[in-house]
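Each of the next two complexes has subunit A plus one more chain, namely subunit B in the first and subunit C in the second.
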Partner chain A sequence: MPIKRLFVANRGEIALRIVRAAQALNIETVVAVSDADRDSAAARLADRSIVLGPAAAAKSYLDPRLIVHAAKESGCDGLHPGYGFLSERAILPRLCAQHGIAFVGPEPDVIDALGDKLRARAMAGAAGVPLVPGSECVASSADARREGDRIGYPVLLKASAGGGGRGMVIANNGDEAEAGFHKASAEAVAAFGDGTLFMERFVPEARHVEVQLMGDGNGQVLHFGERDCSVQRRYQKLIEEAPCAAMPDHLRRQLHESAVALAASVKYRNAGTAEFLFDVQRQEFYFIEVNARIQVEHPVSEAITGFDLVQEQIRIAGGAGLSVSQQDVEINGHAIECRINAEDAARDFMPSPGRITRWEPPQGPGIRLDSHMSAGAMIPPFYDSMVGKLIVHGSDRADAIARLADAIDNFVVEGVPTTLPLHRAIIAHPDFVENRIHTRWLEQVLLPDYGKKAA
Partner chain B sequence: MTENNAAIAAIDDARALLDTLLTSGWQQLHVASGDTEIFLARKDGGINPMRVVAQRPAPAIAAPAAQVGPETAVPAPHVATLEHALAVGTHVTAGQTVATVRVLDEREDVAAPVSGMIVRVDAEPGALLEYGVTLLSIAVAA
Partner chain C sequence: MNGHDFPDALKQLLDEFSRSGIRELHIRKPDFELYLSTEASAARPQAATPVAAPVSAPPAQSAPAAKPASAPLTPASSLPADAVIIKAPNLGTFYRAPKPGAANYVEVGSQVQVGDELCLIEVMKLFTAVRASASGTVHAVLVEDGAMVEGGQPLFALVRD
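For the complex of A and B:
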């Protein structure tokens, strides 16, 4: 049954994005808001908004009972969780199912299975998806050398009881593997009371690539190409691109096939993303995890394929099945997105809530802005600090970078500091222009200098 | 985040709120989040609600004026459906259950914040109440 009235269980730009997608499908919308978001752009555009609770997310956006109650009592027959908040918590689709509401996302059991790293890894292995080469438990320094030789250096010795970097040693050769075994084992005993170690290949300069997937729940899964999200700070993505220009075509095909095989093996329903580590030197990719939701960076995939992924999500949740087949999905040009946060990069990315006094986004062909902001809008201090996503689409990567540079130069924001100047510096850097970046590039190469200039 | 960063962030939040107040036409700003509350007011602004219980004018359909003092609104604690409320004219003591609300299949009691008499039931049983909406009003005994 197609969804007639959709409940939007999120805030910010994605809530607005979902309302617009629903309206394009002639579906009514009810937006959940906290006390701090009563006057949000999504609340104003939707047919109705319902105040769940106070500003604190734990008492509003993170309470699945309040959300499903509000959805049910306002007559909604569908619920979109957006990203973040409860989007990957199986309790939300379970409550929806109990109350006759179609959840725009995967089955709760699939969410649970993919959310468990070990189970997800086992599922990926069973589907023939490459995993980071590694060992079982290593019992001695001689074992460590033998396993290191087999896996290939550099390797990471990790405490199996570990976490937080303790009991973790990088070894670049057999001698270091033997010495590292003693060091890591001693650290692990001291920290966790358990010296058991295992080893894993260490990829010093990896790229983060991911495949956009959409499944019908019956085993048919399409991919919408891959994205490269290697510009990161503390595992948070700042810039995302599609396609991954650093990946050769034969590897790209294998990547897509692996991601589709994994999702098909669990009869994945709705939108998801399979994330991989891409070892550029070795020309290999390894599975990281699956994110069982629409992602922040989905617009770059929309830009290069021409499909509206959020509309497709809503249609699938309404029982329509996939509207296209794989041969309809063609990749055109190159897209780049930057996440604009109200943060002060010169002050260690301190969130800077406040009121936007001027907001004049760039316009023109190939420019898209997903944002809930406007002049006079308030950024409340209770949630994440993203104020929008600027997306450009060009004929190739160089063209997209040039458009993005122009777009940022013509973007006027006043009232709060944003990360726009940082984005401008990143895309002007020779390493970015020549595509020599990796997941630690921003923190290791650009930010140390950027901090100095800013100070 | 270090404690120092947290303190700076809190100061930034307060500054942002102050900026909001000053650039608006509002007289006062009261923000509550978790365990933290902040109240800002202009020189000619309102009474600090953290010191004084909010007062409202006596309702038109009140019990005899001699028996009632200032009114206290009892708000919905979160989005919920009103199941039942005590009748107008009922005398209640602070902490006593005055209404029952429902979220999905769970019922929850709403307690009187003050002692007094229920002078008005503001919501219809069965209605979906949004957070903060007034359920009923209690007049403090004069």
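For the complex of A and C:
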């Protein structure tokens, strides 16, 4: 049954995004807020807002019982979790199901399975999705050399009991693999009391690519192209693009097929993203994980396909099938998104909550801003620091970069420092313009210089 | 009727009413008025003089699916300036009695000490007591029994002794 009244269990720009998508579908909205978000843009736009509890997320946005109680008592028959917070916690859809509320997302058992890295890896392998080449347990230095030769160098020797980089050694050839075995094994014994090692191919300069998926829950899964999210700092994405311009078409097709096969194998329902490592030198990709929710960067996929993914999510949760078929999904042009955070990049990205005094976003063809901010709006100190996402769509990557540069130059924000100047520096860098970046590029190449200039 | 000397007879009457299955009871005398209802949403009869707030019987097993948070029974502007407002710590269903059929924790006029239980807030069958943050007299009950309250919503007004 189509959803009539949708509960929005999130905050910030995504709460506003969900309210707008629901309104476009003539669905009523109830937005859950914490005490700190009473006056948020989403709360003002929604038919109703409900204060869950205090500002602390643990007592508001992260309490599944509070949220489902509020959804039930406010007469909602659907619930959208957004991203972050409880969006990938299976307890939320389980509670929804107990109370007759349609959850806008996958089945709880699928969320659990995909959330377990080893199970997800096994499911990917079973669906024929490429995994990072690696070994079983390695018992001796001779084993290490043999496995290293088979996998291909450089390789990473890792402690099976390990974590946090301890007991990890990189080997570039057979001799280093033998020597590395002794070193890593000794480290692993010292750190974890267990010297068992395994080996994995090491990709020094990888790109992060991911495929946007949408499933009907009955085994039919569509993809909406891929995104390239290689500009990262501490595993946090700063800039996302679609499509991945560095990937040749034959690989792109294989990437899409792999992602769809994995999602279809679990009869995936609603929106999800399969993430991969792209080894540009070897021209191979390997599975990382599946994110069982709508992602922050979904607008770049919307820009190049012309579909509204959040509306599609809500329709599917209301029992409708997929509204399109794969041949209807055409990729047009190139889109880039930058996440604007209220952080001071010159001061080690210190979060800078506070009041926005001026907020004059750029306007024009191909420019989209997803933001809950406005002049006078308060950025509370309790949550993440993202104040918006600036998305541009151009005829190709160069055109998109030019539009983005103009858009950032015409974006006036005052009151708090933001990462807009950093974004401007990134997209002006020759490595970005010529698309020679990888997931450690920002930290290794741009930021050391950026810090110097700023100091 | 003055809440400060809440008569035992009335407490008995409340208990009898709760058990009786009677849905509504309205007594009106020149200097006294009492209205009892098992319907949380029941309209309060108009009264010329302040009287005890409507006392609802303990909640029915299940609340209607869509029920708006109830408006305060006493306008905030009519409260004494020095009143201590007890607020809901989080969203939930407001219950004035420890269990269906039991007497309410407090009534208007009840004397309370710091730490005394005033009501329960229920979230998914998990009941949390809300306690008095000051000693004094219950001046007003601001929410109807069984209504959903939001985080931070005023529940009681106390007047310090």
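Methods note: the second predicted complex is superposed on the first by the 455 of 455 C-alpha atoms of A that agree within 3 Å, B and C clash if a C-alpha of one lies under 4 Å from a C-alpha of the other, contacts with A are read in each partner's own complex, and residues count from 1 in each chain.
Assume contacts are C-beta pairs under 8 Å (C-beta built on N, C-alpha and C of every residue); 3 or more make two chains touch, one makes a residue touch a chain.
Predicted model only: the values in this text are computed from it and were never measured.
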item	value
Fit-or-clash call for subunit B and subunit C when the two complexes are aligned on subunit A	clash
Subunit B versus subunit C as contact partner of A:Val412, first or second or both or neither	neither
Which superposed partner A:Leu52 touches (first subunit B, second subunit C, both, neither)	both
Contacts of A:Val324 with subunit B and subunit C, given as first, second, both or neither	neither
Contacts of A:Ala24 with subunit B and subunit C, given as first, second, both or neither	neither
Partner chain in contact with A:Ala139 - subunit B first, subunit C second, else both or neither	neither
Touched subunit A residues, subunit B compared with subunit C	B
When the two complexes are fitted on chain A, the stretch of subunit B hitting subunit C, from 4-12, 22-30 or 130-138	130-138
Touching both subunit C and subunit B, counted on subunit A across the two superposed complexes	35, 50-54, 59-60, 63, 65-66, 68-70, 72-74, 95
Contact set on subunit A toward subunit B in their complex	35-36, 50-56, 58-60, 63, 65-66, 68-70, 72-74, 95, 99, 348, 350-355, 357, 378-379, 381-382
Sites on subunit A touched by subunit C in the complex	5, 34-35, 50-54, 59-60, 63, 65-66, 68-70, 72-75, 95
Residues of subunit C touching subunit A in the complex	63, 65-67, 69, 89-93, 123-124, 126, 148, 150-153
Subunit B - residues contacting subunit A, complex	5, 8-9, 12-13, 15-17, 19-20, 23, 31-34, 77-81, 103-104, 106, 128, 130-132
